[in-house]
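There are two complexes below, and they share chain A, which is joined by chain B in the first and by chain C in the second.
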Partner chain A sequence: MSRILKLNIFRYNPKDLNSKPHIETFILNETESMTLFIALNRIRSEQDPSLQFDFCCRAGICGACAMIINGRPDLACRTKTKDLPDNITLLPLPIFKLIADLSVDTGSWFRQMYQKVESWIHTDMVFDSNAQEERMTNHLAEKIYEVDRCIECGCCVAGCGTAIMRENFLGAVSLNRLARFILDPRDKRTTNAYFDLVGTDEGIFGCMGLLACEDVCPKQIPLQDQLGKLRRKLALAAINNVLPKFLRG
Partner chain B sequence: MEIFQTDLLCIGAGLAGERVAIEAAENGFSVICLSLVPARRSHSSAAQGGMQAALGNSFMSENDSPDIHFNDTVKGSDWGADQEVVRIFVNNAPIAIRQMAFLGVPWSRILSGKQTYYKGGKPFIIFEKKENEGLIHSRSFGGTAKWRTCYTSDGTGHSVLFALDNRVAQLGVEIHDKTEAIALIHDGKTCLGAVVRCLKTGELRVYLARAILIASGGFGRIYRASTNAVINDGGAHIAALNTGVVPLGNPEAIQFHPTGIVPTDILVTEGCRGDGGILLDVNKYRFMPDYEPDKAELASRDVVSRRMIEHIRNGFGVKSAYGDHLWLDIRCLGEHHIKTNLREVKDICENFLGIDPITQLIPVRPTQHYCMAGIRTNKDGAVYGLKGLFAAGEAACWDMHGFNRLGGNSLSETIVAGMVVGIKIVEFLRGADTIIKMSVVNDAYAKQKSRIKDIINCSNGHENTFAILEKVHDALTNGVGIFRNEKNLVESIESLKETLFLARHIGLKSNGSGANPELALALKIEGSVKLALCVAQSALMRTESRGSHTREDYPDRNDRDWLNRTLATWTKEYDDMPTLTYEIATPSFELLPGERGYGSGKIIPMKVIPTSKSLNTN
Partner chain C sequence: MQNLTTTTTKNSINSIKLPAYLDWLQMFSGVILILFMWAHLCLVSSVIISPSIMNAIANFFEETGLVYVCGPGILLILFLHFILASRKIPWTTKQQTAMWANAKRMHHKDTWLWMIQVGTAMVILIMGATHIWVVLTDLPITATKSAMRIQSGTWFVFYLILLPLVELHVGIGFYRIMIKWGFLSRTNRKGFHAKENILTIIMITIGLITLMRFMLLPIN
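Moving on to the complex of A and B:
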C-alpha cells in the first residue's frame, strides 16, 4: 500500500522581506520508485512553485543535490523514499552560504578552495602537440582516478566536526584534492610546497580523525586513508625541516 | 543596472565553454563564464564512456588513423555532416586528447602482454605489445572500425572537466555560477552581450563582451524522457532563436540512446556494449545479430535504437509498470572489469534500480540523449546571423554529426571544437573592436525587466507554466520520437501551436522574489514551445529517413532531394511557426554518399554524382 509521506522542509528566502526561517510540512502520496528528486519536484509543481532546491544530473554524478536528510548529509537524487520513514526532514547543508530553502552556494566555497590548495598541475613543461603522450602505468592511472572521483557535493564538509568548529578548516575534500596531486607525477611540487599549503591547523593538522567524512561520502572515496597518508607525509616533513641540514632526509 | 564587461563571455562552463575560455585566457584576454550550476556540475561531467581520437595505440586500434575516423563519422552522420568540419575534427582529436593528458586527466592506460577482452558477450585473447605499455588505451564504441574511444574508467567527462576546470582556476578565469542568460543583446547585426538573471539573488545584470560564446549543451529536456541533466533545457538556444536572425541547424536531428534505464531514464554508457555487453529480449535471447549480422549491438545508436523499438513492437519486450523494455547484460564482463571500468554503471544500477549488474540484468530502452541539432555556425564556430557570436559543443550545429552522432564523438567534439573555435575567437578578438550602443543595451535590459514584471503580476494571464511544459512533453512524445509520420507530426504541431498561445499568457502562482524557480521556468516557457515547434515542423517537412530522423511514411534516405541541412529561424517574435530554409549538407565531398554498412535501408541516389572535393549544389 502506498504511504502518505510527511516532508518537513526548511524554508527561508533571504530575498523576501516577509520570509522568516521555519519548517514547513508538505504531505505527499508515495509512488513506486520515488526518490527525493521526484518528491521535491512534485511539491514544486503541485504545491509550492517557490520551493528552492538544487538538482542537476539527477543520477548521483554531479554532486548538486546534497542536503541533510533526516540528520545525515547525502545526495537527494539517489535517496529513495522507501528507504526512509514516512516522516522526512530536509535541511540545507551547513557551512555553505544559504541561498534559500534547501539551496546553498557550494560554487563559491569550492572556487576559493581551488586557490587555497592550488588545485592544478604545477609544471614547467610546455605541451608539445607533435609528441606522443607521456607514459603512465594503468595502475597509477587507476589510483589517481580513485581519488579524482570526488564530485564536490560538500557532504564531507557538512558532516565534519572540525569544519563546524573552525570556520576556515579546509575539509576532507580539499585535503583529498592535494593527495590526488601528490600521487600524480605530472605535478612537480615538492613536499615542502604541499606543506606550505596545508601544513596547518586549518589544514591537515586540524583533522580530529572523527571519520564522518568517509562515512557520508556518497562516492565511497577512502578519505581517511588519504588524510592519514597526507598527515604522515607532512608531519615527517615538519620534523625533517627542524633537523640540522646534515641530518635531513 | 549592474554591468560586467569582458573580452569574452562564455555562456556555459562545461567542457566546450571552458576549453574556449582557456584558449582566450592563455592569449591574454579577459574571460567570464556564466553557468547555471557550479562549473564542475555541468552536464559534461556525466559523460561516462569516452572520447574518440585515432591514437592507434592498442592492438585493437592498430593502424587507426584520422582518415578511418573520418569515414566512420561521415557514415555515422548518414552523410548529413559537413565534411570539412569532420576533417578538422578528426585531425585535431589526437592532439586534444594528449593535451588533456598533459593537463592531468588520468586516462586508462595499456597493459602489455596477454589480455582478455570481450566482444558480443564472449571473451577473446590478444597480446598487447611491450612498446605500447602505458600509452592511452581505447575501448570499442558503436559504428567504428577500430577501438578508438579513450576513457577514464567510466568517468571520462568527470575527469576531463575537473582537469579543465583546474586549468581555468589556475588562469584566473572568472566563473559566475548560478547565473542564467535570458536574452542576447544585439542590434540585428552584432552581438554585444547578454541580459542575465542571477540564480542566487534573482537580480538582473548586463554582461557586455567583444565576443560571446554559446556553449550551453543540448536541449534534451524539452522531452519528458531524457538522459539529460535538468539544466539542459535549451535556455541559450531560446535566447539565440529569439534574436530573429540566428538559425538552428537540423532541429529534427535528435538522438535516442539505446540504453536509458527503466524507470528514471538515466544513461548507462555505450561502453557497456563496447566492452562486450549484449542486449537480450523477454526470452533472454540475443536479438541484435538477427537484425545487424555484422555490427550487432555495436551498430550506430540510431540503428540500435530503431531495432530495439522494432523488436519490442514485434512483441519481444519485457513488460513492466513503466512500459516495455529490454535487457542489457554485462554479467559476462566479470566483477573486476565492472568494478574498475564500469563503476558508475554499477553505482547507478545499485542506487536507482536496486540491482547488481555483476549478477543481474539491467532494464533499458531507447531514450532521448543528444541534440545533433543546434545553433548553426560555420567551420570557425561563428554563428550565422550575428557578428561576434560563436557557439561550440552540443549547443552548436557545427556540423560534424549530421543526422546521427557516434558515441564518443561528442565529448571529443567539446575539446576539439573548444580548441579550434578558441583559436578563431582569439583571432577575432585581436582584430575586433566593438562599439557598444548603450541605447541597444538599455532597451534589451528594459524589455527583460518589463517581461519579468508582467509575468509576476500576471498582466497577460494566469496560465500555469508547469502545465504548459507537460503539454510540450506530450506533443514531442506523441509525434517526434524515434519513429515519425505525417499524421502524428501534424497533430503534435497543432497542439504545440495551441500551447504557444497559452505560453504567451502565463502568470506566476508564487511571488517571484529572489531566485524564484517558477520565474526561471516561466521566462523560458514560450521559447521551449518555439523550440519544440522547430523540431516538429522540421521533422514534418523532411520527407525522408536519414540517421536518427526516421519517417515511417518515407523510409528511404533520399540523397536526390534531401542531402541538405534545415535552417530554422523565428523571424518575428509573434510568429506562430518557424521559417525554414535549407542549405547544402557539405561544401565538398571526401567521401561520396553510399551505404553505411549497417541499418539496411534504401537510398535514392543523387541525380548528379559530385566529383570528390568539388562543390556540390545539388
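Moving on to the complex of A and C:
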C-alpha cells in the first residue's frame, strides 16, 4: 500500500505585497519510483498551480532544482520519496535571492563569483583559430574534470555555516573553481595572483572546515581535498614570501 | 556577495599575506596547546602510579625553572589562540541566529563539532585561565597540594567540568586541523575521526582516574 506523504512547503512571493512567508502543507499519495520532482509537479498540476520551483534536466545535471530537503540542501530531481519519511519539509536555498516559494536566483550569485575569482584562463597567448588545440595528457584532463564537474547547484554554499554567517564568504564552489584553474597549465597566473583573489578571510582562510560542502555535494566533488590543498598551497606561498631570497621556491 | 561592479583599491602594491600568517598562528598555537594538554595529562596522571613520581616530575620542572617559563607561556598561548580563533566565532545576533538555525536544520556532525568547539572554548578560556592562575600562584606543584585542592570539593567539581571540555576541544581541534590543512583525505576522514574519538575517551578516562586518585590520596 502506498504511503500518504505530507509535504510542508515554504511559500512566499516577494513580488506579491499580500504574500507573507509561511509553510503550506500538501497531502499526496506516493507512487512507485517517485522523486521530489514528480511530487512537486503533481502538486502544481493537481492542487496549486501557483507553486513555484525550478527544474530543467530532471537528471542531476543542470543543478536548478536544489532546495533544502528535510534540513539539508540537495537536488529534488535526484531525491526519491521512498528515502524520506512521510513528513517532508521543503525550503528554498538560503543565501541566494528568493524568487518565490522554492525558486531562487543562483545565477546572479554565480556571476559575482566568476568575477571575484576571475573564472577564466589568463594567458598572453594569442588565439589562432586555425591552429590545432593544444594537447593535454589524459591524466591531467581527468584531474581537471574531477573538479570541473560542478553543476553550480549552490548546495555547498547553502549548507556552509560560514557562508550563512558571513555574506562575503566565497564558499566551496568558488574555491573549487579556482582550484580548477590552478591545475590547468594554460592558466598563466602566479600563485601570488591566486593568493590575491582568495588568500583572504573571505576566501580560503575564512573556511572553518565544517565540511558540509563535502557532505552535501550531490556530485560528490572532492571539496574537502581541494580546500585542504588550496589552504596549504596559499599558506606556504605566504611563508615563501618572507623567506630570504635564496631560500624562496 | 558584495557587488563587484565598483572599482575599489583592494590591496596595497604588495600583496597582503596577513590572513595566511594569522591562520598559521591559529593552527600552530592550537597544535602547541594540543601537545601541551597531552603531555600535561601524562605527567599529572603519574600520580596514579605514585605521588612520589608526580612530585619528582614537578620538582624537575621547578628546579630547571621550566614551570616559570612554560606556565605563563601556555597562558599567553591560550589567550593568543582564543583571540585568533575567535575571529571565526559569530558575535552578532544575526550571525548567531543564522548559525543556530543552520546547525539545527542540517543535522550535520561536523557542523555540530564546530559548535561544540565554540561552546567549550568560552568555558575553557575562563576555567583554564583560572586553573593556571591557581597553580602558578601556589608553586611549587606537589601531589599533596593538588590533592588538598581537589578534596576541598569545589575544585573537584571544577575539574570534573573542565576535564571533559578540554579533552573534547583538543580532540575536535586536532581532527579539524587535519581536515582544514588537507592532511586527511576523503577516504581516511571517517576512520581517523573514529580513532580520534577513542583517543578522547581514553584521555577523559585517564583524567577521571587521576581526579579520583587525588580525591583518595591521604594528606599528611
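Note that the second predicted complex is superposed on the first by the 245 of 249 C-alpha atoms of A that agree within 3 Å, B and C clash if a C-alpha of one lies under 4 Å from a C-alpha of the other, contacts with A are read in each partner's own complex, and residues count from 1 in each chain.
Convention: a residue touches a chain if its C-beta (ideal position, glycine included) is under 8 Å from a C-beta of that chain, and two chains touch if they have at least 3 such contacts.
Just so it is clear, the model here is predicted, and its values are computed rather than measured.
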| item | value |
| --- | --- |
| Overlay on chain A: chain C relative to chain B, clash or fit | fit |
| First (chain B), second (chain C), both or neither touched by A:8 | neither |
| Which superposed partner A:58 touches (first chain B, second chain C, both, neither) | first |
| Touched partner set for A:167, first chain B, second chain C, both or neither | second |
| First (chain B), second (chain C), both or neither touched by A:200 | second |
| Comparing the two partners chain B and chain C, which touches a greater set of residues in chain A | B |
| Touched partner set for A:115, first chain B, second chain C, both or neither | both |
| Partner chain(s) touched by A:100 [first = chain B, second = chain C, both, neither] | first |
| Shortest CA-CA distance between chain B and chain C [superposed frame, angstrom] | 11 |
| Common interface residues of chain A - those touching chain B in one complex and chain C in the other | 115 |
| Parts of chain C lying in touch with chain A, wherever the complex brings them together | 1-4, 10-11, 15, 17, 19-24, 87-88, 90, 95, 98-99, 102-108, 110-111, 114, 176, 179-186, 189 |
| Complex interface listing, chain A residues touching chain B | 13-16, 32-33, 35, 44-45, 48-52, 54-64, 78, 80, 99-100, 103, 105-108, 110-111, 114-115, 118-121, 125, 127, 129, 131-138, 140-142, 144-145, 148-149, 151-152, 184, 186-187, 219 |
| In the complex with chain C, residue positions of chain A that touch it | 68, 71-72, 94, 109, 112-113, 115-116, 159, 161-162, 164-168, 170, 192, 195-196, 199-201, 203, 205-212, 214-216, 222, 224-225, 227-229, 231-232, 234-235, 237-239, 241-242 |
| List of chain B residues in touch with chain A within their complex | 37-43, 45-46, 95, 97-99, 101-104, 106-111, 133-137, 152-153, 155, 158-159, 162, 165-167, 169-170, 175, 177-178, 200-202, 229-231, 263-264, 266-267, 321, 340, 344, 347-348, 351-352, 354, 465-466, 508-511, 513-518 |
